[in-house]
Amino acid sequence: MVPLSYYLVLSAILFGCGVAGFLIKRNIITIFLSIELMLNGVNLSFVAFAAQLKSLDGHIFVFFVMVVAAAEAAVGLAIIISVFRTRETLNVDRVNLLKL
Amino acid sequence: MIPAVDYIRILPELVLSIFGIIVMMVDPVLPEQGSKKPLGIVALVGTLAALAATAYQTGFYGEAFYHMVRVDTFSVFFHVVVLMIALVVILASYDYLDVQSIRAGGEYYALILFGTVGMMLMSSAIELVLIFIALEISSISTYILAGMRRRAAESAEASLKYFLLGSFATAFFLYGVAMIYGATGTTNIYNIANYLHTQQSTLAYLAVGLMFVGLGFKVASAPFHVWTPDVYEGSPAPVVALMSTGPKAAAFAVLLRVLFATGAPGWFWMVWVSAVLSMTLGNIGALVQQNVKRLLAYSSIAHAGYLLVAFAAGRQVGISAAMFYAASYAAMNVGAFAVVSHFASAGEKYVTLDDYAGLGRRSPVLAAILTIFLLSLIGIPVTGGFFAKFYVFSAALQSNLVWLTIIGVINSAIAAYYYLRIIVYMYMRDERSEAPVARIPVGLGIGLAISLVATIYLGVLPGRVLEYAIQGAQDLLK
Amino acid sequence: MHLWIIPLLPLAGAAINGLLGKRFARGLVTTIALGSTALAFAMALWVAAQFAGLPPDQIPHIERYATWLGAGSFSADFGIYLDQLSLVMLLVVTGVGFLIHVYSVGYMEHEGGYYRYFSYLNLFMFFMLTLVLANNYLLMFVGWEGVGLASYLLIGFWFLKKSAADAGKKAFITNRVGDFGFLIALFLLIKHFGTLQYDSLWPLIGKYPIESGAAGLLTAIGLLMLVGATGKSAQIPLYVWLPDAMEGPTPVSALIHAATMVTAGVYMVARSHLVFNRAPDAAMAVAIIGTLTAIFAASIGIVQTDIKKVLAYSTISQLGYMFMACGVLDYVGGIFHLVTHAFFKALLFLAAGSVIHGLGGEQDMRNMGGLRKHLPYTFWCMTIATFAIAGLPPFAGFFSKDRILWSAWSNGYRSLWLIGVITAGMTSFYMFRLWFLTFFGDYRGPNPEAAGHAHDAHAGGSHGHGAPHESPMVMVVPLIILALLSFIGGWVGVPHSLKGSDHFDAFLSPVFHAPAAPAEGAQEQGESTTELAFTGISVSIALLGFLSAWWLYYKRPELPGRMAKAAGGLYTFVLDKYKVDELYGAVFIQPLIALSLNVFWKGIDRGLIDGAVDGSAAGAREVSDEMRQMQSGNIRSYAGWVAVGAAAVIAFMVWRGVR
Amino acid sequence: MNFINNNILTIVIFLPLAGAILLVFFPRRHRDIRYFALAVSLITLLASLHLPWYLVRGQSGFQFERNIPWIAHPNIHYHLGIDGISMWLVILTTFLMPLCVLISWNSIGDRVKEFFILMLVLESAMIGVFVALDLFLFYFFWEATLIPMALIIGMYGHGRKIYASVKFFLYTMIASVFMLAAILWLYARTGSFDFVTIQSMIQGGQVPGFGNAALWLFLGFFVAFAVKVPLFPLHTWLPDAHVEAPTAGSVLLAGVLLKMGTYGLLRFNLGLFPDQARRNAPWIIALAIIGIIYGALVAMVQPNIKRLVAYTSVSHLGFVVLGIFSFTQLGMDGAVYQMLSHGISTGALFMLLGMVYDRRHTYDINEYGGLATPMPVYATFFAFIMLSSVGLPLLNGFIGEFLVLSGAFQARQLYGILAATGVIWSACYLLWMYQRVFYGAVSNPANNSLRDLDARERVSLWPLAIAALVMGVAPMLWLHSIDPAVAATLRQFSSAVQAHAAHAPGSLVRADFTRNGMQALLQVIGR
Amino acid sequence: MLPLVLFFIFAALCVGGAINLLVQKHPINSALSLIVVMGSLALIYLLLGAEFVAAVQVIVYAGAVMVLFVFVIMLLNAGVEERTEHASRVATVLGVPGLIIGLSIAVWVVSHLAGLDRIAIGGPTVMNGSDVFGNPQAIGRLLFRDFLLPFEVTSLLILIAIMGAVVLARREE
């Protein structure tokens, strides 16, 4: 038997890794991957809570999160392509025309 | 079986979605290189139809689709605000697309309509699942719209920044939803409220905090505001008009639901600090801006701060003040950006203050209209901005938030400086800019007229709108 | 009696000439100006006749016309207060004023701004009459300020000359300093008595005891009035404007700066006798100031070479006598000297004006001499005036001055008497010096040919006369009338000691309730013997002055120069008027300007306040600029901000939840 | 008649605004625009003359009242009304406006339409400030004056016009938000914006938490008004604004806008917070006296005529504040009178400066000298107005100054004495300036051929000159209605202070003050 | 005991994958690490009795979405990420673990206080009783009844996503 808090901590670790990845990675695609990691972390929480609550709402939520993630992935990658076209780089630090 | 009345309760959203699809279907029929104006007209008709549907909706208050949406004065209020924003934005885009040679007119209008659907759903949804999806709809469509000026690197960059940071923030929101779900076992706002009324939950605190991060990002309140100036600067001006008002208003509606309808605990100082930070950082940041879009972006951060003051005030007065503020802020800001979008000309070349020098002489009407919007943003009487601030601060005082009020009024005085700077450039600087001034096109003219009338109306006879807001606040708390 | 007509006549003249005079012919201007003054004088005479018929219980005769200023319980009227004192003043002002108007017609004949001149002069008459006839202090203050204005305008009449404009400004501002004191006195009166109307004020003041020993309210009022009076009547320390005021046309000097306006201070002190009677300290201050001014001005007058400057210092000195009189509570004496002085000093100025006119603008006595042949009428008139001012019997000045000195002695102010007597000697000396220098000896001026364009002090520049010549009759006739008055004017006040009946004293004493009138009855015999002895002293002192002047400036004219050399620094020091102007400049004016300019304006206003404001604006912009660094444009740093915010929010909310 | 009495204030407020709106649709023919603006301002003047004509003198309280609900939430009323104090300020406004139109006739040649629209809008707002009895409405008009004035300075000014305009705007704006906060606080506690209601609630002690907040509320209002007045350390916007503003702007700024501050002090700071007013009076008076002396001294050394005159406003308005905070009948009567007379004199001075600026385009004193020779009529007008500003008796300036000073003296002798030195200073700076500008020979060849005043300019000056004279000779025409109004204010004030004194024994009510106040009061009742 | 062991194994895999994602320089490696995380998560979902979610996780997430990622990485020919400014080693070395640990501790504290660490879930009970909980049928019923509206609205979202992808990725002519 696994205490619920273990799942939650694991979920927090994954979420935290996602945040950290966003902060330290320079490749736009990797940053995007970090966001997916965060979402996965959240999903784990949902599923864990659903198991605890014996309610399927959490599963439904996860399902919708996946759909949204997929949609975001499509749009996000398109945006990345569009940025790559104009800037010829995937380094996020070089995407800084707009500032101050 | 779903009763027919449920469809009426999502009728405006349905109408708009249908018109969005019509736009997409008409698009291929139009000549490839031709003007996209017919699409604009379709979108316009769609918005008007949705407005009519909203009006029709008022007779059918209630929940629908198994407690997914709830139509009440609160949601109708925001429906109207959002639809009016969409209307003006479409009107402002009418000629803008041709001027900027944006070819993807079909997608452009469709995205505006779909995005509006998302925003409307945000305000009427009472289920966090639906709120989340609606939020994503409005966000993703604005991410895309931000990148619509495809030839401009800035546009792509804005889109990317908005997208990455938006997704980042959404993850926080989602995490918050997960927590509230864990805390209460439900994702329905009113069920959550019922739970929280009877039970204490430590998790709920964390949940509220995390959801505030996500929504705070959407409304551009400090310290989650950092994306705003860059994105506003890079995005097409009419899109900025939309994204600085529509999703913001909708996100405020969600925030109102999350903070007030659920009876969420412990957020007061968080909102207080955020309000102070937003006002201060927004206003101070705007002081030295040369780019008008960027300046208005900073100002919109500050305005989010004022709105949060109303949140901090809480209770019915605070909520109604926030609603009124959202409406009048929408009216004036959408108008201001509409002017900016027109004046920017092809390639959005003319967006710095220097380009505005002597505008009062070159284009007195446009300058006068922009002046009125700016005065409203300052909060000068006879404009909606004045009453908005007025209600917010008086709500704050009624809740004994003296210091917050004082910080707020000082901030609004500081803010006068940079708005005034635009007026100064328009009227008091000698003409130096070579920026051409085109005649005000019909579409934009109508759009400006609408927001102008709204701004003045809210400034002279705010009573009626305020009554709606009060009614909405009551409905929200019911 | 419709007394309001008297002041309004000259006002009408001033208004008509001022507004329309530019388009009028000179004759019309003259007619209006002289006509209004003449009518006023006639009316004054008629009033005097009426007044004589009034029963004593109807004196003072008060006429109220309207409330001028009313606020709360305070109010001040437009109204007229006619008693013996104001009647005397009324007659002097209208009479001498009229004569000087007449004289001016000749004197100003060739000047530009003729209508302006007469308009100002009439305006002066109006204000002066308001001053003397007012039935309350506020209205008196109107006249008080108004004559100052007229004086300002007339001193600066030749405004193209910087010195004239400067002098006008100096006169006005110096007077304002005095007015400041006067105003405070009025405020004290309002605060404690609630009114400024004479008729309601006197009984209230009358209830106060004499403030001997401890200075109180009335002393304060008296001293503040004295401040006002020193301004208007050119006493120490505010006398400095009067010598400069000689920049104005000479008739103006005669009318305003000798006969009438400058005596306003004396009139005011006399009018406020109730205050000074009850405030011995204030009265003593008046006496001391007056005496000191008398000798101080006389000492400067001795060495001046400008004929008008000598007369100016002489005026200051004589005003000092009047103050001395008032200070020793002999108001009648003061007013008496005021009247006689009005005659002879007006005459002196007009005669000097005639000389100047005759010499084409020359004012320096070193360039005169021997003029008695060229200007016979002027000479004789001047002679009478000189004897009058020197205090030689039986001329007018003798009686009044003698009375003052005697009052000082008999009231116990022995030291003041001594100074007064010395001053009398000095007066006699410098007047005869003037007389000898001007009319005797040889003409020291330039050739008649050159005179025309060499000495043209008048800005009008039309005095292109040739050799020294007598003035036209329109100027000479007033001289003669005044000479007559200077001769016989004192006879109305022949003291009892000289077996006179002293009508003047009898006439005026009721006003002052005769507190200081020479004692009657038993002591009279002894007193009058002493008095006679003192008269003898002063006459001999005057004669001494005459003799030394004769010795130095007629018999041995080369002596003064040598004496001046021998005195060296002292002489130049006196010649430079004890450098008082320079002292004021260095102590008050320059520091004030420097303070205002460098400390207040540039330091506080620009540096401190604007500096702080602009600085904070710049600071805000700097902060803004700094804060823009938050907006680095880097997505990761933005995410960092969001993460930091989120961390703070999480920490806070967890803390809240845990609590 | 009744209809007119009920609506006259509305008419007077909105006539200029209606004119402005009509003007928006006018073709850009400058001549027509000017005549139209002149006509509108003259009609407004005529309409406003209804007020003194039908004002009932003895009646206390507000007259020509109009009180209708405007906005239900919050409870805002369109509540107008005047008493003897505000009425004259309205008349002053309407009186100056046609003259301002005249003075701008030729000097404004560019963007004429906008100029007159701004002027008329400004007039509406200024009148509104003086007649509003609802705090909200008052604030509304108060802020509404800001924009047109800032635009007038910024668009039609010269030199550092933008700096001046922005400075003016920000100073006023920042200060008035404190007033807004105070108004909101009052509303939050009383549920009303109505001046009369709030006043009686405060006096009845029905405002919860008022005791602790009173000082801050007082300061909130005070700062807003003090900046406008302007009181000593807050005055530096004024010289800049004046120097750079066009003539009409300066005239209105000095003539009317500054009075909004003193009017506010009198009406609101005294009316709502009598006890605080009394407590804070010493330092406020100190600032006023510093302003009197300091303003005068700084004026004296200015090299720029307009800046000089601007500083004199600091000095003169110090008198007004002094009079108000002397809490004596005389002082407050004088303060009101001084407001009016300063409007006339300084307005006229600025007009005169504008006329010479039109000819020479400089305000530098060194550029002038000897102007009396080429421009005698001008010099005469100038001298006359200068004398009225100096406070020569029988001209307008004297009455106000005298009353203020004697009132201040009654309150405390030192106040009167220090302030009375202003009599000396004003003579110093104006006479010195006059001498440098007008006397002497013409030193600058550019001044040799200056035209003297033309008919239009004379027409615009005569009313002011006559007003200055009449106000000096027959002040009772004004004081008859000012006096009872001030007495009513004072009555309210002293009863409030006494009530407070009764609550808190041993408070600092000075005996002489009460005595004087009561004396004045009895006098008024007795009449 | 077994569920706990399994949980730790998969959790370790998850965390390892996540950390690897951070450490790897080449995006393709990061993407593959993410797939590891997702796979492990799917197994944990199974452990929690969420069969349907686990399946979707593998098919949609690890399958479709990640393929898209890899595809784009290949398309754009992304190489090893370059070092640029804003690289503070201290911040990375201390901040990242700090952030992760901090968040974990916060969550742990909160869940501890909420009493969640006393609730044990997973293991055989859930796994065995899966016929009523978490199976596709129950989910389907919920999805097409209670959550019908969100489900339908999702179609709009996907439409937008398609449109966006087309509009943005289309080569500008």
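For clarity, chains are labelled A, B, C, D and E in written order, and residue numbers in each chain start from 1.
Here, a residue touches a chain if its C-beta (ideal position, glycine included) is under 8 Å from a C-beta of that chain, and two chains touch if they have at least 3 such contacts.
Since the model is a prediction, treat every value here as computed from it, not as a measurement.
Annotation of subunit C and subunit E: jointly contacted by A, B, touch as defined at the top. Least step count on the touch graph, subunit A to subunit D: 2. Among the chains present, the centre nearest to the common Cα mean is that of D. Centroid distances from subunit D, each centroid being the mean of CA atoms, peak for E.
The greatest centre-to-centre gap from subunit A, using C-alpha centroids, is found for C. Distance from the subunit B centre to the subunit D centre is 43 Å, each centre being the mean of its Cα atoms. Averaged C-alpha coordinates give centres for subunit B and subunit E that are 31 Å from one another.
Between subunit B and subunit C, the centres computed from C-alpha atoms are 78 Å apart.
If you average the CA atoms of subunit A and of subunit E, the two centres end up 7 Å from each other.
Residue positions of subunit E touching 2 or more other chains, listed in rising order: 86, 99, 102-103, 106-107, 110-111, 113, 116, 147, 150, 154, 157, 160-161, 164, 166-168, 172.
Of all residues in subunit C, those touching 2 or more other chains are 628, 631-637, 639, 643, 650, 654, 657-658, listed in ascending order. Multi-chain contact residues, meaning those touching two or more other chains, occur in subunit A at positions 8, 11, 15, 18-19, 22-24, 26, 31-32, 48, 52, 57, 60, 64, 68, 71-72, 75, 79-80, 82, 85, 92-93, 95-100.
By the definition given earlier, chain contacts exist for A-B, A-C, A-E, B-C, B-D, B-E, C-D, C-E.
Those residues of subunit C lying in contact with subunit A across their complex are 628-629, 631-636, 639-640, 643. Here subunit A touches subunit C in the complex through residues 19, 22-24, 26, 31, 92-93, 95-100, going by the rule given at the top.
Those residues of subunit B lying in contact with subunit A across their complex are 128-129, 132-133, 136, 140, 143-144, 147, 150, 152-154, 156-161, 163-164, 167-168, 171, 174-175, 177-179, 181-182, 185-187, 229-231, 233-234. If you check the complex, the residues on subunit A that touch subunit E are 1-21, 23-27, 29-30, 32-34, 36-37, 40, 43-44, 47-48, 50-52, 54, 56-57, 59-60, 62-64, 66-75, 77-82, 84-85, 90-91, 93-94. In the complex of the two chains, the subunit E residues touching subunit A come out as 3-4, 7, 11, 14-15, 18-19, 21-22, 27, 30-31, 34, 37-38, 41, 44-45, 47-50, 52-53, 56-57, 60-61, 64-65, 68-69, 72-73, 75-76, 78, 81-86, 92, 95-96, 99-104, 106-108, 111-112, 116-123, 126, 133-134, 138-139, 142-143, 147, 150, 154, 157-158, 160-162, 164-169, 171-172.
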